[in-house]
Amino acid sequence: MSALATAVVSETETLFTAPGINYYAIAPILIIFGAAVVSVLVEAFVPRRARRPVQLVIVIGSVLAALAVVIDLRGTRLITGEGALAIDGPTLIMQGTLLIIALLAAFLMAERSIDPLGDAFAPRASALPGSEDEQEFTKRGYLQTEIWPFFLLALTGMLAFPAANDLLMMFVALEVMSLPLYLLAGMARRRRLLSQEAALKYFVLGAFSSAFFLYGVAMLYGFSGSVSLVAIADTLTAKPSEATLVAVGMAMLLVGLLFKVAAVPFHQWTPDVYQGAPTPITGFMAATVKIAAFGALLRVLYVGLGGMRWDWEPILWIIAALTMLVGSIIAITQTDIKRMLAYSSIAQAGFILIGVLAVSPAGLASALFYLIAYAFTTIGAFAVISMVRDASGEATHLSKWAGLSKKSPLVAAIFSLFMLALAGIPLTSGFVGKFGVFTAAIASGATWLVIIGVVASVIAAFFYVRVIVIMYFSDPTPDTASVVVPSAFTTIALAAAATVTIVLGIFPQPVIELVNQAGVFIR
Amino acid sequence: MTELMPAEGVFSLIWLLIALPLAGAVILLFGGRRTNAWGPYLGILTVGASAVIGILMLLGMMQNDPEQRTIGQTLFTWVFVGDFSADMAFQLDQLSIVFVLLITVVGTLIHIYSLGYMAHDPDKRKFFGYLNLFVAAMLLLVLANNYLLLYVGWEGVGLASYLLISFWQIKPSAAAAGKKAFIINRVGDVGLSLAIMLMFVTFGSVGFQDVFGVAGQASEGTLTAIGLLLLLAACGKSAQFPLQAWLLDAMEGPTPVSALIHAATMVTAGVYLIVRSNVIFTAAEWAAIAVIVVGMITIWMGAIIGSAKDDIKKSLAGSTMSQIGYMIMAAGLGPIGYVFAIFHLLMHGVFKAGLFLGAGSVMHGMNDNVNMRRYGALRPLMLITSTTFIICYLAIIGIPPFDGFFSKDDIIHASFERSPIIGVLAMLAAGLTGFYMTRMVAMTFFGKARWEDDVHPHESPKVMTIPLIILAIGATFGGLSLVYWGNIESWLEPVTGIETMELALPAWVFELTTLVLVIIGAVIGWMTYARREVPIEAPRGSWLTRAARKDLYGDAVNDVLVVQPTFYASRWLVWFDNKGVDGFVNGSAAFIGGLSGRLRHYQTGFIRSYALSMVGGAVLVVLALVLVRAS
Amino acid sequence: MTTFPWLTTLMVVPLVGSIVVALLPKARTLLAKQIALVVSVATLVLTVLMALQFVGDSVEPFQFVESHPWIPAFGISYSVGVDGIGLVLVALAATLVPIVVLAGWNDVDDSRGSVKGYFALILVLETLMIGVFAATDVFLFYVFFEVMLVPVYFMIGRYGGAQRSYAAVKFLLYSLVGGLFMLASLIGLYVVSAQMTGTGTFDFLTLAGLNIDEGVQKMLFLGFFFAFAVKAPLWPFHTWLPDAAAESKAGTSVLLLGVLDKVGTFGMIRYCLPIFPAASNFYAPVVIGMALIGIFYGAFVALSQNDMKRLFAYSSMSHFGFITLGIFVFTSVGQSGSVVYMVAHGLSTAALFLTAGFLMSRYHGSSQISDYAGVNKTAPVLAGFFMIAALSSLALPGMVSFIGEFLVLLGAFERYMWVGALATLGIVITAAYVLRLYQRTMTGPLKPELEGMPDLRGREITALVPIAVLTIVLGLFPAPLLNVINPAVDRVMTSIGATDPAPTVTGAALEQPGLPAEGTEQ
Amino acid sequence: MNPSNYVVLSAVLFSIGAVGVLVRRNAIVVFMSVELMLNAANLAFVAFARMNGNLDGQVVAFFVMVVAAAEVVVGLAIIVTIFRTRRSASIDEPNLLKF
């Protein structure tokens, strides 16, 4: 048994599988899943006019209920579902964060005041872009309500993904999470060609990566005779010799997961999808998929492959460095704000990987904190993007943000806050996050990675700062977009994101305690 | 070392000596236009009050025993760090009181004179403010009890000099001259700074008493270094070779300034510094020799320049250089010379102030023209000015019984004591003095009138002539009285030490020889410039004349050796900063930007290309893992 | 010892003021200025009250200490306190802010950023400046160090000149590069402290007390020093400064060069030396080399600048060379001199930038030297202050800058004679570029375009007078500075295990009357 | 027959699928290639289940089939929409989002 495993596993549950299923422990997943099913039924049976309010009640109610259960479950550490699901500290923190972020994302998706034509989604995704049908639907004020079942299903997958303790569960969760997102990405009301293209790219590449993931699972199964992470870890300790099978399996598994976290060189879908997808969905997916995927990655690496730490560390090391650098470097010449944030999210993935690579409880805690900080900031940033508009919809080209501070000082200030947080300026959540992962990494001896991270941070700071330059230091042009006053939905989401960004920057202690107490993954 | 006496009675006012003119300066300079009306009078009053205090102190000091004439007054500890400490403290002894009197008395006279000379200048108030500032700084210089405080006065007079040289700063030449003076002085200041530092490192203190008390214990090398550094400082302040170039330009300032600062007092600060540090120079022979050499070179440079200039003030400035050269040289002669250096300094202060003020008076009547070739035959029109000028002239060339005779002859004697070569050179230079001063007097007051058309020469008002008369009286009797009545040698002896001269020949031989040489020089001058027609356009002259007109190429040398290379280096560094250092910074930014531009094109937008990079990545990861596992 | 939270109060007052100013209606510009002035003056008064209670020769390393846990998970606390060095710099900041507010009264209009925004930023900056000098927790220091960039960035970028956003971004990124490397070192330090003491800490005194392995010190030192070298700025990390200074409003430049850049040199003496004594010794020759190059490089480049503000920036670079030199020669004279120099440079820079700013505001805001000539004729008061500022910059004896400069040179000379001697030559070039500037702008015939240029007004004079008075008074009576600085410097010297060289001639008793206590008997 | 041959076969199939994704232009064919990869994995699961002597692999295969079916639904929906918009099923044609 590796040193890590000894450190990580302190309980004797290793050989003990719970008989049956602890339903309360997996209730958050079940609640959301149940709500999703109900939501599908609502689509079928509830009259069109009533669908939106009903769906909203279901979504908000179920998310809040799930959140309540997660909070109630705090401190739980158990493995249930015949070893398929691990409900432990990290899982619960991620689930909690996912639920809160999902709630904010739901608010953004429910926003109707921003776009004069309705919400951010095509009234009928099946209608041809620009066709008479579409215009008719728009005129009638149809709203797409199928987004809600998709949303809930994706959320189900996300909640299960970091909890999955065997690779089959993980694969299923991955697909449950991904498939609805593929569809959601293609449902933008405006710029539908881009949106559809994003959906296609996301789907094909996502499926492609799933195939890798699955094949990797197959190899590991072939090696260990089980898809359980614990069993794989044990087999690795027992017979560390079978090089090729394990190496191939591990590599392909990593490819699938790294695709989801958008690590270089598996990142290329990210800019296209982030740019093309409807902005609330981009915000939702940028924040939550990253959490869920890192949750799964962490569990696979720490629990399943912890014994092979010395094998995967150098590779992930290079990938992390590349991810930070490539993401940051390409972002500096972007002209579309959503695309820029997509590259930024790639770079951020690299920073989180630093925490992952610390391979220590501190690394896990710091990665969790970073994910929380990043998720709130990101969803807030996309909320702002959804509000900055001109006649053709969202004004995502950076030139249209020139002098925005004149038109709306408050929004410009909030967006600047998010940019500074992403850049990692102190007194914002992003700084504490970066500080945490760097600290964990240096404590584990990954000093050079931190130095690369520092260099990448500087490069990244350039493009975050550039947005501030454009908003504050340039004079408004006739093309400058205006900021639409949103309804309470977006306002709440934005306020929450901004508040968390500041509070986590100034008083991070409670959350740091939370992630520290989350301890380690259960085995 | 003499014990410091506590400052009691009149001596408790030492600080007031400085504070009075300083207060005057502050009020005049910061008081603004409100003080225009009465400001100049305040200026005179404060300096005059200082003079009175100074005289009282002299009287008080004379009542004490010679050993009890060194008075110390400490106000507070000024700078203190670790082992370093310098007090805001004054030391009044026989040497400083001489300077105090010179500065305050001559200063008062020149203040009064300025009342007339500057009567119509709109910035008269500022002028008096600067003059007061100068007096305060100069007093601080001579009263300080440690080198660091001396440095404050040292630069203070430099500042005042700068401000006054460029007083008519609307003239670019005046502004440039002031700047030049300050910068060249700064070179000298480097010497003073380093000397102070070396003293601290060597002796652990920069106070006069401490340093002189243990100076003998230091190695000769160190003392020589300190001596040379002090000499550098003296060269800067006293316009000695090689830092002489600023003095001639300094004549851009108003004439009273030239009289006070660039003749009587400030430029002699170098002499003060060397004499004050006599302990060090006595112990460091090579430094003393360097002092003699510098002094001798300057004596000749100044004399040659003075002989060739047609500008009356510049000619006088050359003369000043030369005379200070005498003093510096004397100070290099050792204990034998210190007293004479100070003696000559005092005498020079009086007659040179008289000469400058006289020149100012002439200019006043000649529409501020300084070209002696446009003077001539002014004597009948300016009786007082010419008489006083001629008295001072007799003093400077050393005709008995005028004061220069006593002081200069002593120096020449002392130099023979040291070495015949030095003596002969000093003696010959005295002859040259006779020539150029006669030339000046002849061109100005005698010969034919060569005035410009609209000039109506006239005598100056009383406020200007009275100081002239007083100075002339001083020039007439000063030497006599200090030799026969006051005995300056024994007065200064406790400070400088003394050494009796043992000359191979009786003193009158030297005196006579010198006198003969001076008269020969004077006669040549007279024959050339009074008897013959003086052309209005200067003749081309010999190469030496041409060189002397260009200040013996002092500026050209500085320009080629220092100024040009500095600006060349500066421009090169600007280029290097932009292209090199900043170029690297901007270049790395541009590099990353370029890299970004390239990298983003790998994001082709084609799904299959993305898939390819995923497959490629996967293959690499697999290979890497297999390799890692295999190894 | 009082328990009143002085330092926190000093930080809170301007912060609250800033919020109040920011929340004012946009049209109430006058009120915004008035509030800013009142708040900054109140802060100054509080600072003076605090300084009066400072015990010069206290045994405590820090006074006015406050400590509250902040992020205990990382051993981070909100700990503030000042020693003599911190105190004088806090005082410097508190002094300059009201002056800048007053001087910048009409500097900004509504054309680009809002007026109230400018003043709110100044007040925020004051909070951060005080914080950065008062922090005794290294992490807290870092936070202030970095966050300070943000208001300055906005002050340059929003209210600056034509190239403002280039300058602002360059400033920010350059500083961030330094800051982030420092962050890496900071974390390294934390990890080392965790390894050595069991629990990681950022407490300065604890860290300074650690005996860190020399190899580790050498690595960690670099991160800290790089950040400080960029901030100070030391050659060759200086190129952001001319741009930032040239594009800023005069007030911004004053705070930037006068106070903010001091954080760099402050950091060296407060953090680099005590925490990494061995590394400091190891790198000292390199640093001294950089400082020397900086002294001459800055001065030479300043000599042929045609832009006043760039000239001041390069001259500051030269001055920072002196300050750094003084710190790294490891003599108490040099280090005390450096701290005095920091104060002096703050004052002289303020005077230079403000007078130049007043001058520029009278002629289309041009900072080109060649646009001016003979100003003395039409604006003698302005020229007079310009002269005082120039003299202060060239360290005229009798001004506080002289004391700083001389002590630095003396300290250097004590330790390395030739270094000190070489650096002393710098004073000539300094005089050259300063007087050349004065000559070109203030003297000579008045340019026809400048005919009728008004002289300084009451408000402007009010802003300049305190600087001039402080410059001269502290030059003649520096005891208030030296009394508090010397004990702090002694502590630094002890922490690096350095002792002052003794005079070569022994028996040179300090016989002057009125010596401080440590002097020998009469 | 040695079950490990099936593993080799599955690897070959997986590779064919992967290459198919890379070289084919028609979105449907690309999609089928992905399905081929999934099924290659299924084959591997089953073969390994046989080799390891437990049924886990076979169970996994069933799950994968279900997931694949769901994926088909989603995939076809997207591809059909794109086809209707662009009148083309070329996977290279949607190329607005790049750089």
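By written order: A, B, C and D. Residues from 1 in each chain.
As a convention for this text, a residue touches a chain if its C-beta (ideal position, glycine included) is under 8 Å from a C-beta of that chain, and two chains touch if they have at least 3 such contacts.
What you are looking at is a predicted structure, and each value in this text was computed from that prediction instead of being measured.
**Q** Of all the other chains, whose mean CA position lies farthest from chain A?
**A** The most remote chain is B.
**Q** When contacts are scored as defined above, which chain pair ends up with more C-beta pairs, B-C or A-B?
**A** Result of the comparison of B-C and A-B: B-C.
**Q** From the mean C-alpha coordinate of chain B to that of chain C, what's the distance rounded to whole Å?
**A** Measuring from centre to centre gives 35 Å for this pair.
**Q** Whole-Å distance, chain C centre to chain D centre, using C-alpha means?
**A** 65
**Q** For chain A and chain B, what's the span in angstrom between their mean Cα positions?
**A** Distance between chain centres, rounded to whole Å: 78 Å.
**Q** How big is the gap, in whole Å, between where the Cα atoms of chain A centre and where those of chain C centre?
**A** 44
**Q** Mind pulling the chain D residues that touch 2 or more other chains?
**A** 18, 21, 30, 91, 94-98
**Q** Specify, in ascending order, the residues of chain A that touch 2 or more different other chains.
**A** 200-201, 204, 208, 212, 271-272, 462
**Q** Using the touch rule from the top of the page, what residues of chain C touch 2 or more other chains?
**A** Correct list: 173.
**Q** For chain C, which residues count as touching chain B in their complex?
**A** Interface residues on chain C, with respect to chain B: 170, 173-174, 235-236, 238-240, 297, 300-301, 303-305, 331-333, 336-337, 374, 376-377, 381, 384, 391, 396-398, 402-403, 406-407, 409-410, 413-414, 417, 420-421, 424-425, 427-429, 431-432, 435-436, 438-439, 442-446, 476-479, 482, 486, 489-490, 500-516, 519.
**Q** In the complex formed with chain A, which residues of chain B make contact?
**A** Touch list, chain B to chain A: 589, 592-593, 595-597, 599-600, 603, 605, 607, 609-611, 613-614, 616-618, 621-622, 624-626, 628-630.
**Q** For chain A, which residues are in contact with chain D within the complex?
**A** 125-126, 128-129, 168, 171-172, 175, 179, 182-183, 186, 192-194, 196-201, 203-204, 207-208, 210-212, 214-215, 217-219, 221-222, 225-227, 271-272, 275-276
**Q** Inside the complex, what are the residues of chain B that reach chain C?
**A** 4, 29, 32, 72, 74, 76-85, 87-89, 145-146, 148, 151-152, 154-156, 159, 162, 166, 169-172, 174-176, 178-179, 182-183, 186-187, 189-190, 193-194, 196-198, 200-205, 207, 209-210, 213-214, 217-218, 222, 566-567, 569-571, 573-574, 577, 581-582, 585, 589
**Q** Note which residues of chain D are touching chain A in the complex, please.
**A** These residues of chain D touch chain A: 7, 10, 14, 17-18, 21, 27, 30-31, 34, 37-38, 40-41, 44-45, 47-49, 51-54, 56-57, 59-60, 63-64, 67, 70-71, 74-75, 77-79, 81-82, 84-85, 91, 94-98.
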